[in-house]
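Both of the next two complexes hold chain A, though its partner changes from chain B to chain C.
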Partner chain A sequence: MRRMGLAGLLILGLLAAPLAVWADEGSCIQCHAPQPGALGEPVALWRGSVHQGNGISCHGCHGGDPTLMSMEAMSPERGFLGAPEDSAVPSFCGRCHVGVEEDYRASAHGLALGEGGPQCVTCHGSHAVRVAGLDLINPQDCSRCHDYGRAGELRTAMEQTETLILALDAELKQLRRIGIAVEDWQGRLFALRNDFHRLFHSVDVDKVRRQTDTFQAKLAGMQDEVAELRAELNQRKWIGAGVVILLLAASGLFALLRQSYGRQENTE
Partner chain B sequence: MDTGSKDFARRRALLATLLAGIGAVLTGAALYPVWRFLAPRKGAEAQDQVALSRDQVPLGGAHFFNFRGRPAVVLQTRAGHFTAFSAVCTHLGCVIQWQAAEQRFLCPCHAGLFSAEGAVLGGPPPRPLESLAVSLRDDQILVG
Partner chain C sequence: MSLRKTLVDWLDIRLGIRDLLEQNLTNYLLPRKINIWYTLGAVLLTLFGLQFVTGILLLVYYVPDTEQAFASVQAIMNEVPYGWLIRNLHAVGSNLIVVALLLHMLSVLFMNAYKKPRELTWLSGFLIFNLTLVLCLTGYLLPWSQLSFWATTVATEAPGAIPVIGDDIVRFLRGGAMVGDATLGRFFALHVMGLPLVFGLLVGVHLFCVRRAGISRPPFGEDYQGEPPRYTFEHEHHPGGIPFFPNYAVKDGAVICFFLAVLAVLVFFAPNLFIPPSAFEPADPFVTPPRIKPEWYFLWAYQTLKVFPSELIGLGIQGVLMTLLALLPFLDRSPERRPAKRPLFLVCFVLGILAFVGISVWGHLS
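Presenting the complex of A and B:
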């Protein structure tokens, strides 16, 4: 009887799990995901995006009330903003990405807003947003609006520092996998990476070149700290191996001691 | 004691000495990390304390400085009343900015907002700003 009860609870739990996920996603996704075309596509694009990975759902950007299962969820009274006009996109994204918006607005890109200049979505896309990297600067995309030359220079100027950032990020992830607390380093690297990517939004090659040394010096400092930790971990490995060898030696000596007592007893 | 017994005794004395040596090394290896964890660093507190001049912090304003290798900020919210915080956002680690007009902190990465007391006002930060101890000596502000 008790077994049946437990099985019943397990089945109920399994049935309720997808409902819980469903409820977390809110009414926006429940209604839009099954729809064809432009109404449903954003949901599929959003899945797997950096926003979804960090718990930012539809209402995080578009407003509205995802707890309501009616059209009122999309009423302005519920804070619904809908999709912004092209020229309003920087303010739309800038509600969260404050620093990036500031640099973008002061740049050649930002100053050309409304006159054919690009806004956030032009380069980053709107729903399938990924963690930004230098691959966003490429001849195909930049040549849609202007010659690639200057953009290529900017990419070259940023490449070395970006490579160092990615290498350090990979190193920290590896350290985390072996149980080392790396939150502080990850926070510092995130802040540095964010500042560095903000620099890109100025689209000013000379500014990037001027500030590269400062970024690389900070990265070198962090690399030294990580190298120090690596050296300590290596030292610990050797000490661990030494302890194992000493324990084996101690057990051997114990065996010999025991044998010695046994032999003396036999001879007497 | 016959010769055989003497041999056994000498052999056991040698084995016991070797075992005691190994035991001492292993005990040392086990106790060293505990000692290193518990022993205070020499003069660490004095070195870590940062002294700032009162003139550096205007009334209603903020002064950013380096505290134990990380950015920190001291505020003068009322005349002669100073508070200090870590200037690292508790969301993802970016350095916050002081908005004097609004008397609050803004994180430029994801728009996290903190009050002048370090409490979260809005945005994604999960925790208040880390508060730092402040004491006053003559015309100096001591943080830490």
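Presenting the complex of A and C:
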């Protein structure tokens, strides 16, 4: 019994435990997170950002070696880039966002770089970067540099397609939540959204209008495929409802039989 | 002569099958006042049978390799005909089994059916309950999802709190310093072969004990006389009782169908009730998902460990509690089985349930 008690203790030890395990986030975060002011703030801002959500940590942008717990982690020999100058921000971000940088540089925004024109961080912020959406185009932010009029037109031109993209994205997330393999669709939608958002960086309303039909046709194709799957899932539910009704009917039938036997037993 | 009769005659001459069926079905009498709670054993046998069948079907397509496990489960869910149904029945069914096991144990506790001469029945049942939880834990890792990886990392970390041998136990369980290929290999072997073998043996022992000692009378009603003292083995007969078949078997059938209907509702309409979103992401040792929580039936233990300043104290208290529960028939030796005549036990019973639910909810919200 004593042995069994020890075994029970061990089993319980295995079955229940506190959640104190955290992934190693690297030396950048370990050193900077506790620091006050500008040295620590970026970590707090980065948490919850789209970059963190996709596994892009400090060294993904700033370089360096997060496996070293010394100042050498931030040496140029370890690929450390530090924070870029304002005019170097587009190249800094463009290492990953290649297409966006290309369209931006060809746009009125990009052409004004270094002469008061905006760069990536002006609109998107730096560390607390969220998934880019149309809410970035708003009177408050755009009016910091120019009238909202043209920007508002651009937003209106993009709104319908953006709404379709968001709706399809939400639908795919729901499907993923029930174990449906949506990676292919999500990959295609991701690429489509990137192309569409890249289009915005040209800040060319006519270009957006010209290409909207192409984007919407591609979206409609994906929506049809998803609708087909939804129909199959609904069919499963109907079959499920039938199975449940049959089982409940069988349960009721057995219960009635039991009642009948019960009456028979009482008369014996 | 019909084929059926020919076959039964053939078997009867060789195995005495008619006598066997009579003894165990039609002439096997149960207490007249037997209630619905006695059906839970049959419900559990059915649900375990379903786990066995769906488990074998999953084995056909599952690949126990860290590089392929998640993809193979995805393929089962999306490409294998009715794979989604088989997998959901297996995953959701395991949760329903824990519910049925808890109800079964609570009903046995409430009716004090664990007492002499049924100590071994209780003990084997208690071991089956724990083994089921270990089966759930080992099965949890197999899909190699974020949930699998991190829940197993956390669970296998716990014995590390034991002084001196803790780290060795952790390494033994994982097959290395981290949860990885070796962990998946040993959990897979345990889940599909080692544990089911022990489990089958224990179920056999449990059923043997139930059949050998006889079904206990429900301790209710004015005509309940209490248990006579026993000094030698005596099968508990129920003269004037009702035959197991068909009279009581139909009640078993009714409750089994009801439980299967509940399972079908969950599988077809709410399969995610027991499956959090991180179960649909492939395991990534470098990204800890937010709000990783153990399964609902481990939440009480999870929260208990958090309450105490040291994990070792928490583990110790849980171990003591579980040991007390296992040894209850040997500690509670009073022959009285009527709940109404055992107010202290009744208070402990209700408080125990409230504490389990309360601590679990606390663990969920914390």
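The working rule: the second predicted complex is superposed on the first by the 215 of 268 C-alpha atoms of A that agree within 3 Å, B and C clash if a C-alpha of one lies under 4 Å from a C-alpha of the other, contacts with A are read in each partner's own complex, and residues count from 1 in each chain.
One rule holds in what follows: contacts are C-beta pairs under 8 Å (C-beta built on N, C-alpha and C of every residue); 3 or more make two chains touch, one makes a residue touch a chain.
Here the structure is a predicted model, which is why all the values come from computation and not from measurement.
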Pick one for A:Lys237: touches chain B only (first), chain C only (second), both, or neither.
second
For A:Glu265, is the partner it touches chain B (first), chain C (second), both, or none of the two (neither)?
second
Per-residue contact with chain A, leading partner among chain C and chain B:
C
Touching A:Arg177 in the superposition: chain B (first), chain C (second), both, neither?
second
Would you sort A:His97 into first (chain B), second (chain C), both or neither based on which partner it touches?
first
Quick one: classify A:Phe190 as touching chain B (first), chain C (second), both or neither.
first
Of the partners chain B and chain C, which touch A:Phe254 in the superposed model: first, second, both, neither?
both
Following superposition on chain A, which residues of chain A contact chain B and also contact chain C?
239, 243, 247, 250, 253-254, 257, 261
For the complex, give me every residue of chain C touching chain A.
32, 74, 77-78, 84, 87-88, 130, 133-134, 137, 150, 153-159, 161-162, 169, 173, 242, 246-248, 250-251, 253-255, 257-258, 260-261, 264-265, 267-269, 271-272, 275, 277, 280, 284-288, 292-294, 298, 300-302, 304-306, 311, 315-316, 318-320, 322-323, 326-327, 330
Which positions of chain A touch chain B when the two form their complex?
95-99, 102, 184, 186-191, 194, 198, 239, 242-243, 246-247, 249-250, 253-254, 256-257, 260-261, 263-264, 267
If you look only at chain A, which of its residues touch chain C in the complex?
1, 4-6, 8-24, 55, 176-181, 236-237, 239-241, 243-244, 247-248, 250-255, 257-258, 261, 265
Interfacial residue positions of chain B with respect to chain A in the complex:
4-5, 8, 11-12, 15-16, 18-19, 22-23, 25-26, 29, 70, 88, 92-95, 106-111, 123
